Structure formats: C-alpha cells, structure tokens
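Across the two complexes that follow, subunit A remains constant while its partner is subunit B and subsequently subunit C.
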Partner chain A sequence: MRWLSDNFHTLLVADWDEEYTVFQPDSGKTHFFNQMSMEMLSFLSRRPVSIEEICDYLSRQSGQTPDENFQDNIEKILYHFNALGLVKKEN
Partner chain B sequence: MTVNQVPFQEFLVLLQNQGLKVAMGPFNVRIHAHHRPLAKQLYTLYSHYRLVQDEIAEFHVRIATERSIRNPLKLNVRFLIDGQSPFESFPEDQALAVLEWGINLAIAVRVNHLLLLHSAVVEKEGAAVLFPAWPGSGKTTLCTALCHRGFRLFSDEFGLMDYQHGVFFPIPRLMPLKNESIAVIRKLLPQAVIGQPIPNTHKGTVAHVRPPEESMQLSENTAQARWIVFPKWIAQAETRLEPIADAEAFMLLASNAFNYEVLGASGFRAVEQLVASCDCYTLTYSDLDEVTTALHHLTDEP
Partner chain C sequence: MDKDKSVEQTNHSESAQKMCKPSSVKKQKRRMLLKGTAALPVVMTLYSGAALARTSNITGEAASVTEAVFVNTGNGPQLLCVLPKEKLDSGAYDLGETPGYTLITNPPINPLTDDPATILVKKNAQLENCHLLGGIMISGAAFTSIAAKTSVFDNLMIL
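Take a look at the complex of A and B:
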C-alpha cells in the first residue's frame, strides 16, 4: 500500500518558524502542524510512497534511526491525515 | 450632532416615530422603542453617540412591549431586527440589556465583510491592542478600566478588522459590567458614568458603562493592531504577561473569530497578517491597577 497527498498544492500554509498553520480549502479547516508533519505531506505530494519510504525519508531528514515505534507513530499520523482528507491510500 | 445636543423630548419623538438613527463605529443603527424608561436610560448613556441623518442604516432594530402571557399585568419587551424576533421576550426592566445584546447578535451574525473577532480593543498613540477572549474572562471590566486610564476605546466586544487594508474599526458602545465587577469599577473609576444595575438577567446583574466622550469623538479613526493579548482574570492572581508562539496565537485567534470559517481563505490570510504584524501574549491578572500599569509599560516600549 502506498500513500499520496494529491491536494497538497491547494493548501495555504503560514510558516511560523518550524511550526505551521495550514488552511485546507476542501474542508475549510485550519490545522496546526510541526516540521515533521509538513515534511511528510510535502514528501507525499511528490509521488505515492510506502510507509517504509516515508520513515526512511523522515529519519534521514531528522537524523534519527527509525525503530518500530517510529513507524507505528508515522502510520497513526497517516491515518489521521487520511481522516482529514489530506492524504489517501493507493493499493 | 450628538444625542446630548437634542432635547429629551425631541429624542423621545425620534425613538418613538421615525427611529433614532445613531452611528456605531462603521455601522448605522436605527432604533425604535415606545418605552419611556428605556428612552431615559438611552438619553444618558448614548449621550455622545453621533446622530445620523442622511445615511443608510445597516441595522433596523426595535424594542417592542407586550403583555406577559403568564401574567397579563406585567409588561415584557421583545427585541426585533427587520421585524424578526431572535429571542424570547424579557421583563421590561431588562430593555436596555436586551437592546444591546440584540445589536451584538445582529453584528455577529450579519457582518461578513470584516474579520469579526470576539475581542476587546483599545488604542494608544495610533496602535491597537487586541484582547481576544470568550465570555467570563473579564475583558469588559479590563477594557472599562483601560479606556478611562489613557487608552482609547475601540470596543469591549468586537474586533472589526478590515483585512483588505489591515486596520481595525472602532465601534465604541456601552460596556456591560456584570455582577461583582460593577462595584469594582464604581470604586476604581468614580468618574465613569454607569447606568442603573439591571438585576436577574441571564448573565446576573448587568450595568452599562457609557463610553468616554473622547473615544466617541474619535470613533472614525482606525488603527493597525500591534499587540494581541489573550486575557484571563483569575482571583488573587499576580499580573503575568507572557509571550506566546505565533502559531499558538494563530490558532487561538482563529478559534475566537465569529466568522473565521465563513471567510475561508480570506479569514486565514487575515489572521496570518494580523499575527505576523503583532507581538502576542497571554495575560493573567486580578488587580486592575497593576494590569493597567503593565499594559502601559508594554505599549510604551519602542
């Protein structure tokens, strides 16, 4: 299964020094994201990617070694983003 | 011409017949009422309001009197806007409070060309301070103190932001003190003109403070905001003014606006512009002297 953000380009983003407020025109909702969440969405907007690729990318960006908990956490965030309509799954 | 420049009899005739048309910040409001006690209160408390003659009124409101169904000997009052009644009727001694709440409701529901914050706003030397807060945080009491001590009143209730031009409109109106804050302000500001306390409203006892004359005279002078302060009155608390992160201020402000979601992307950009141009703080306080000093200190910094 791969994940994709196909509406990232529609989001309005205000950058507050590694914290972000993001307006999603599709839902009319405003979200508060940290740096990692924004990097994840930006990465997902380039092409569909697996969770392993996401974890690998984010760990390289943050300089952390991914462990099992890291992947679980990323997966939770993806499902949360999916519920908000920010990402979708591709089988 | 202001209300205090016409004799009471003429004022009464206006209120009862063609309607009393007064400016409230960027809006004109036409008020009809056949209720002499209300007319007397308005004549005193609206004394510095500008009378409007050849301008269109955005809001047409009326205080109608009716007999109580439960007790036909008792008079009730009902607020009407464009002939529609958004509330139940209330005891007649609450007429002034009902009128003011009704006008608040009309503004909150109908104004969507401005970003409408639930916020007290005062101004000093051309820069506005916003105090966004929901009911119960003490913003009316704080605002009353500030606008009698060196700040100009914009509003105790609404931050009206013209987001096309990045400025706030003043809308100085009566400030409804509630319960214990009435005695606090009477003691602190003996010069303040305060209406008769109105007991047993759904907010307890309410007494309205007349806006200072100077604030009314300058009510067409807009200002840009420079500080956003989220206030909270807490009994016995020390005065603490602490900076908060811009992103947090953004989310607090967006959740505080009446029409943020209605405005969509424009609302988002308006809040972004506002936060980017202001220093943002949280404020806890209990002592009005202390907090006034602290806010003068904040706004005096270069």
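Take a look at the complex of A and C:
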C-alpha cells in the first residue's frame, strides 16, 4: 500500500520557525505541525510512497535509526492524516 | 499577524506573562511538544467552532415557562415544543440540523377571558404535555439563534 497527500496544493501554510500552521480549506480546520510532520506531508505530496520509504526518508532527515517503534508511530500519524483528509491511500 | 510583530508582542508582554504563569507554562509545554519533539511528527488540530455550530443546534431548556416561546395562534398562545435529537452529557440538547417541533394546544389558553394566574397554570400544563412528548421549551434567545440559521421556524409568530 502507498500513501499520497490529498489536495496538498490547496493547503495554506504559514512557517513560524520550524512550527507550521496549516489551514485546510476543504474542512475549514487549522492544524499545527512540527518540522517532521511538515516534512512528512511535503514528502507525500511528491509521489505515492510506502510506509518504509517514509520512514527511511524521515529517519535520514532527523538523523535517527528507524526501528519498529518509529515505524509504528509514523503509521499512526499516517492514519491520523488520513482521518483528517490530508492524505489518501493508493493500493 | 506577521512573525516580526509576534516576536515584538512576545517581548513587550514579558511582565504580563509573569502575571499569568500557569498559562505561560501551558504555552511552553505546547511549544515543547511541537518544537522539541523533533524525533516524531506532531499534529494538533483546531476545530472551527463556527463550523460545528453550523452543523447542529445545541441549546438548553428555557429556565422557566415565563421565558419560553409561545406561538400566537387563532386559538390562543401555544407552547413551541421543540423535539431534541438527543440529550448531551453536559445536560444540553442537540436539536439537530433541522429542529423538529410541535405546538401544544392543550389546555387552550384564552388571553381575553383567562386571568394571569390561570394563564400561568395553563402554560405550565402545556409544558407538562410537551415533556410527555419528549420535547423541551426553548427561550426567545435560543429561538432567535436557531431561526437565524435555519428556516424551520419561518411563518411562526411568537409572543
């Protein structure tokens, strides 16, 4: 299964020095992201990617060694993004 | 507000922040969660109160029958009995997007012949009949608020 951001181009993003406010016109909601969330969503806007690719990318960006825990957390965030309508699955 | 203005405001409000320490601590914790947790993605969502309000009508029951809405009909004043979708844990009622209602006709009130005490007794009796139907009375303020958002109460002439 691959993931892709949904209507990323419609999001209104304000950068507050590694914090981001993201207004989502489709839902009328405003989200607060940290740097890693923004990198994750931005990465998902380029092309459909698997969870492994996301973990690999984020771990390189943050200088972490990805373990099972890390992947679990990323997966939780992905499903949360999905519930918010920020990303979608592509089988 | 742009970033520079925000920084300026932060500097100028140092003394205010000292006076509001609990709020400041909360703010700091939130910032730590967002900024300090670089090892994990963090997302917090602000739900628009206005958007929620548009999807439903939540109100409490009027405090007394004297504050309730009565509709002026040819057969005298009749209690506007609103039928809630559900009672919330907070004690308020969710009336749904399009609130349902009925007018309580019994006992009939004749404002020309009934004295004020009798009218009050009859209004309370109408309220009891409304409760028997699972309905509630709403205040004039709640009526106005709901009427502004929906057309459900159009054509009603309230007292």
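As a convention for this text, the second predicted complex is superposed on the first by the 90 of 91 C-alpha atoms of A that agree within 3 Å, B and C clash if a C-alpha of one lies under 4 Å from a C-alpha of the other, contacts with A are read in each partner's own complex, and residues count from 1 in each chain.
We take it that a contact is a pair of C-beta atoms (placed from the backbone, for glycine too) under 8 Å apart; a residue touches a chain by one contact, two chains touch by 3 or more.
Everything numeric here is computed off the predicted structure, so don't read it as measured data.
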item: Partner chain(s) touched by A:28 [first = subunit B, second = subunit C, both, neither]; value: both
item: Touching partner for A:19 - first (subunit B), second (subunit C), both, neither; value: both
item: Touched partner set for A:8, first subunit B, second subunit C, both or neither; value: neither
item: Subunit B versus subunit C, judged by how many residues of subunit A each one touches; value: C
item: Subunit B versus subunit C as contact partner of A:57, first or second or both or neither; value: neither
item: Which superposed partner A:36 touches (first subunit B, second subunit C, both, neither); value: second
item: Touching partner for A:81 - first (subunit B), second (subunit C), both, neither; value: second
item: Residues on subunit A lying within both footprints (that of subunit B and that of subunit C); value: 16-17, 19, 28, 30, 32
item: Partner subunit C, residues of subunit A touching it in the complex; value: 16-19, 28-37, 40, 58, 62, 64, 73-74, 77, 80-81, 84
item: Residue ranges of subunit A in contact with subunit B within the complex; value: 12, 14, 16-17, 19-21, 23, 25, 28, 30, 32
item: Parts of subunit C lying in touch with subunit A, wherever the complex brings them together; value: 3, 6, 31, 33-35, 37-48, 50-51
item: Residue ranges of subunit B touching subunit A (in the complex, touch as defined); value: 245-247, 250-251, 254, 260-261, 264-265, 268-269, 272, 275-276
